[in-house]
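Once you scroll down, you'll see the structures, which are given as structure tokens.
First chain A sits with chain B, and in the next complex the same chain sits with chain C.
What follows is the complex of A and B.
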């Protein structure tokens, strides 16, 4: 993972170039795949662009998708900074969204209502991340395994909770909706809410914590070199706990953003269908954003654009999941930075 | 509720069915990790292979060719993972994430592109039925059950009782020393990854062709990750891995059986969701308890760069 952490300005520049190269590889490879399956790649990419940046309204859809993605990306990025491979954002988002809907059942005045929803989602996310910390810290269980298991547990447990306790009395396909006063205020109807700015603000907060506070310094020190950190008197346990908790909070907030800040009906559909994959896609966002909180804002908008575009790509007979196909290809290219170096040498 | 010999037998048949994909995938991954390459993309390999197996079986109307197709897809992903992690010295974990993300999108995407339906194909299960069956008093048992036992024993034998197995283990423990005595580290790793992925591919094909009879976009249901947990549980021993797969198979089989019991369903509304979480909780508990003695191969996850 060390290769993906930018150091200094020149490192930052080459990171941007590497991500751009990876995106190019991703689009090229997906274009070939589309052609193999008998679809017109040019048309597909046109609709992707049209659906995401083609109009002001489409751009607000892009931002609506970006808002939760930015937050789940933070979960992964904070983990990497602490030397952890936390892929638990997916399940933690379900838990946060469920807590947000539950908190929304209590009608509170404007402002306080949203605050309550956010606190409930963040706290639930933090709590959900504790088992992985305990298993890692006290039993040495690899967090890849524990966080994935927690994802699957959340998938079943939260459906159980929604179906039994949170269902909309009038409809059987969704939970109760979050009341208007507890939602993120709308700036530009129908899709642009304060949520995207909230996500960016959380990014800044995480950035500030990681680089401007002693706790953040310890967290990064443990991530870069746990042995050296130990020698300089930093015990790895506390930074690890904070990394899990912070990751849990951001993923929980992502759940709140998804149900209280983006699209109607401000609820959870049965099968969690409007929640799935936001956590996994956040990993792609973090990798494209090189695990840097501020770059993640841009990477989140990039992937949000793919998702928004994917809705219009369906016109061309291509399903929505083209997003993960392209994203997977991009991640392959990011996994092998050697590929970019070979390409650059060829150019010279 | 009646809990007697009949229900134990019924649970066992379901459980052994669930044991098979986890056992095969875990044994394959033990093989690859022993050579020094970890693949957290097994979930994606299983899922994509399950899809490809249905594509082949549907096209040529032959379930056996479907199984071979699934294996071939596993090998293809093994090749991709090898190129990234062995040849290009890339990050094995990120490559695995790429495989999972790709599969997550590819299967529904390609299902729609080929058959113009969303999520599930064919809408009704294949008419092939179970591929080969051993009759038991409760329900037929797939030949894959004894086959996965044979595979586990075979891979244990190769790893611990043959020269090739010794070379594989040396490559994963100390690649510098292996290189020094003339073992081709990269070639050994690539072959181990290809074989390991082939097994994950076969496991995926088994799910879609033999067990379910169709492809659904969530057919792998975390089994690739449970297989990874099984690898840790096993201490990188294929025989213990088989035992671990049996434990996880029973946790899933028992949960599935309980979800079908009328008394349970009436006592707890939507109990099937609660029960569905059991295999994953069991995985966490078992791994947490068993992990103490478990030590991974020393060089696993680290690309080998010749000085």
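What follows is the complex of A and C.
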């Protein structure tokens, strides 16, 4: 017998087929929408592809979008694996980015500076995830509610921190920039940095934790059947804590990747405008990747491509809002089967 | 034989096979006359609930016909049943807890409890309630009402819908004695008005008290039908439990030693806050199987959960090998050499979406023997372990990688049992260990439990299967309404006696 190990990939092939079909449906539906609006869908899709994969430079833009999305997707995916609906990646990413910028204020030599930024962002993200855990575990507060609240708190609290403590002395529209020695090294200027590989590495780490360690096993067991896990002697609190912490760390790191690994501004705009929606879009990435860390790498690149292509679609005379609608339709089509399965399980 | 009214309900050769292959009903004929209370008696799994669900439109029969008022009826939905005048009062009430009684009664009708017609509806309901003697505070929220009052709301809800045929599923299971008396009064008054009722229960005395006729179901078939006037508890108990023993187990005489589990004056609350276990005391000795018989829902689940540490008792002591464990949680209890086989294997025993190998280490994932170097799990070792279990417990499965949900019920149970028995625990709790399993798998698991006992371990079997308890146990206790009615050695606890005790009758 082949000594295979559980990797959570069984049935992934049929998922790929399912996703491909769903993507087709999404493209078809948005093509129809474009035609109804009097735009040429073929041209639109051409520019979408051109802008994301059309040249080496465009592909690096895709990867730059993908890097933080992959990490925020992990937040959601780890939550789902533990039976949680953690949608706190958005706010946690703000907190991680802010911590990263703050850590960057201290000038450290090459390498150590980046390490310090990452540790600060991960730790801040982990800390930010604890209230939702405490509320859930000790007061029974649904994590959907608490993480939404935490997102709002993060939005305004981090704007406050940036404006009052981290502002660039020379400019009032952004925070101080992270010094070059504390950034992710650039591989292919300007857009390709080590960040995308770092994100993939974190994915592998999360995968390893979930499928190759006793703690990850417990997390999955609690997520699949909390009653059986409890009856077998697994206390549900510890796996839940780890799921929140791991989700916080990955979202915090996503913040660091966005400010220390994405070409310009290597800082936070005062309205957090270069941070918003990476957390929420990560949920879509997780759903497309069927909540499996390794599939999330591909799903992140897919959504990154849609975002990178969006600006060039505008060249085809299609307004940005329409492009967003199309993106949404495609993501929704692919995510729908997984969403359906998750809710069916929750409602059963 | 007294004269009966015309026939209002009839079933012809009703058969029901569930999608998983379980045959719940095998050609059941049943009928009900106007003004009659017809009792439906049987053990768990006899098919009572399935039949009532078919009559009330919740389930559809695999074959066979239902006739209402002489006309063939296709009842596809509870609403259609209501239209035909058939309504069911469920064992576990289906009321909206934060609505008032009044709102609950009107729910699903055209009448808006705050709009026009509400005061007329209120008058009608009050009149109905007075007629049958079912007093209810209409403006109290259901969650603030006692269980008896909640049931009255359910009944009024059906009567307000002009139901002619009432199906009462275990209506007294959550009632106090005076509430039961009131309910019976109401049922009698409804009878006088020409309404009919099907009274589902396992309680022998009640069925004799309130019913005109009694039909006994056993293994999905009608095993007897008798006028209540000609019946007594003995006949009914015999019809209910039957006589056939399917197979024999070779059983060595027991060599009982010191007590391993001592339970004294244990009180455990159920999910609805009621005392489900009401002061139970017993002891299980090493080298002995202690069997707890009883119809399900008499506190066995709560007892099992208290002994397993997943439900905290509100009073009393549990001692395991002399150690007080009643305040310990499941993971602490599991450190003391116990094997716990839960009654609900699919929900509590297994993680169906995981593989056999993953299930074989559930709760044991931190043990050194399943780890490699560092923090990682050594899946190769886990698989070896699972393969060993598959071989030594004769589990029928492709391999350790197969998902647990792909297996038959019997093999799923073997996975649970193998996991719980493989480390030679000193005490084994087996709740409903063979429920729903085929004969071969049941036989295999019973032999395992006997082997465990013969190796000097204490075994507690909680089972609604009377044959199983009689075959396996050295000592038998019967649980009824949260109490152990009688405890005695198997030689003294005859089938007949246990059957009577299960129905709540003490001789």
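Brief remarks on what is shown
Keep this in mind: the second predicted complex is superposed on the first by the 307 of 348 C-alpha atoms of A that agree within 3 Å, B and C clash if a C-alpha of one lies under 4 Å from a C-alpha of the other, contacts with A are read in each partner's own complex, and residues count from 1 in each chain.
In this section, a residue touches a chain if its C-beta (ideal position, glycine included) is under 8 Å from a C-beta of that chain, and two chains touch if they have at least 3 such contacts.
Everything numeric in this text was worked out from a predicted model, so none of it was measured.
Of the two partners chain B and chain C, more chain A residues are in touch with B.
In the superposition on chain A, A:38 contacts chain B only, with no contact to chain C. In the superposed model, A:221 lies in contact with chain C only, and not with chain B.
Using the contact criterion defined above for the overlaid structures, shared-chain residue A:283 touches chain B, although it does not reach chain C. In the superposition on chain A, contact is made by A:149 with chain B only, not with chain C. Once the two complexes are laid over each other on the shared chain, residue contacts for A:233 go to chain C alone; chain B is not touched. Of the two partner chains placed by superposition, only chain B is touched by A:160; chain C is not. Shared interface residues of chain A, touching chain B in one complex and chain C in the other, are 1, 3-4.
If you check the complex, the residues on chain B that touch chain A are 40, 80, 83-85, 88-95, 97-110, 112-114, 118, 221-222, 225-226, 228-229, 232, 269-270, 273-274, 276-277, 280-281, 283-284, 287-288, 291-292.
Residues 308, 310, 329-331, 334, 340, 342, 347-355, 357-358, 361-363, 365-366, 370-371, 375-377, 379-380, 383, 399, 401, 403 of chain C are the ones that touch chain A when the two sit in their complex. Across the complex, chain A meets chain C through its residues 1, 3-6, 10, 208, 212-215, 217-218, 220-221, 224-225, 227-235. Partner chain B is touched in their complex by these residues of chain A: 1, 3-4, 37-39, 85, 87, 131, 135, 139-142, 144-146, 148-153, 155-157, 159-160, 163-164, 277, 280-281, 283-284, 287, 317-332, 334-339.
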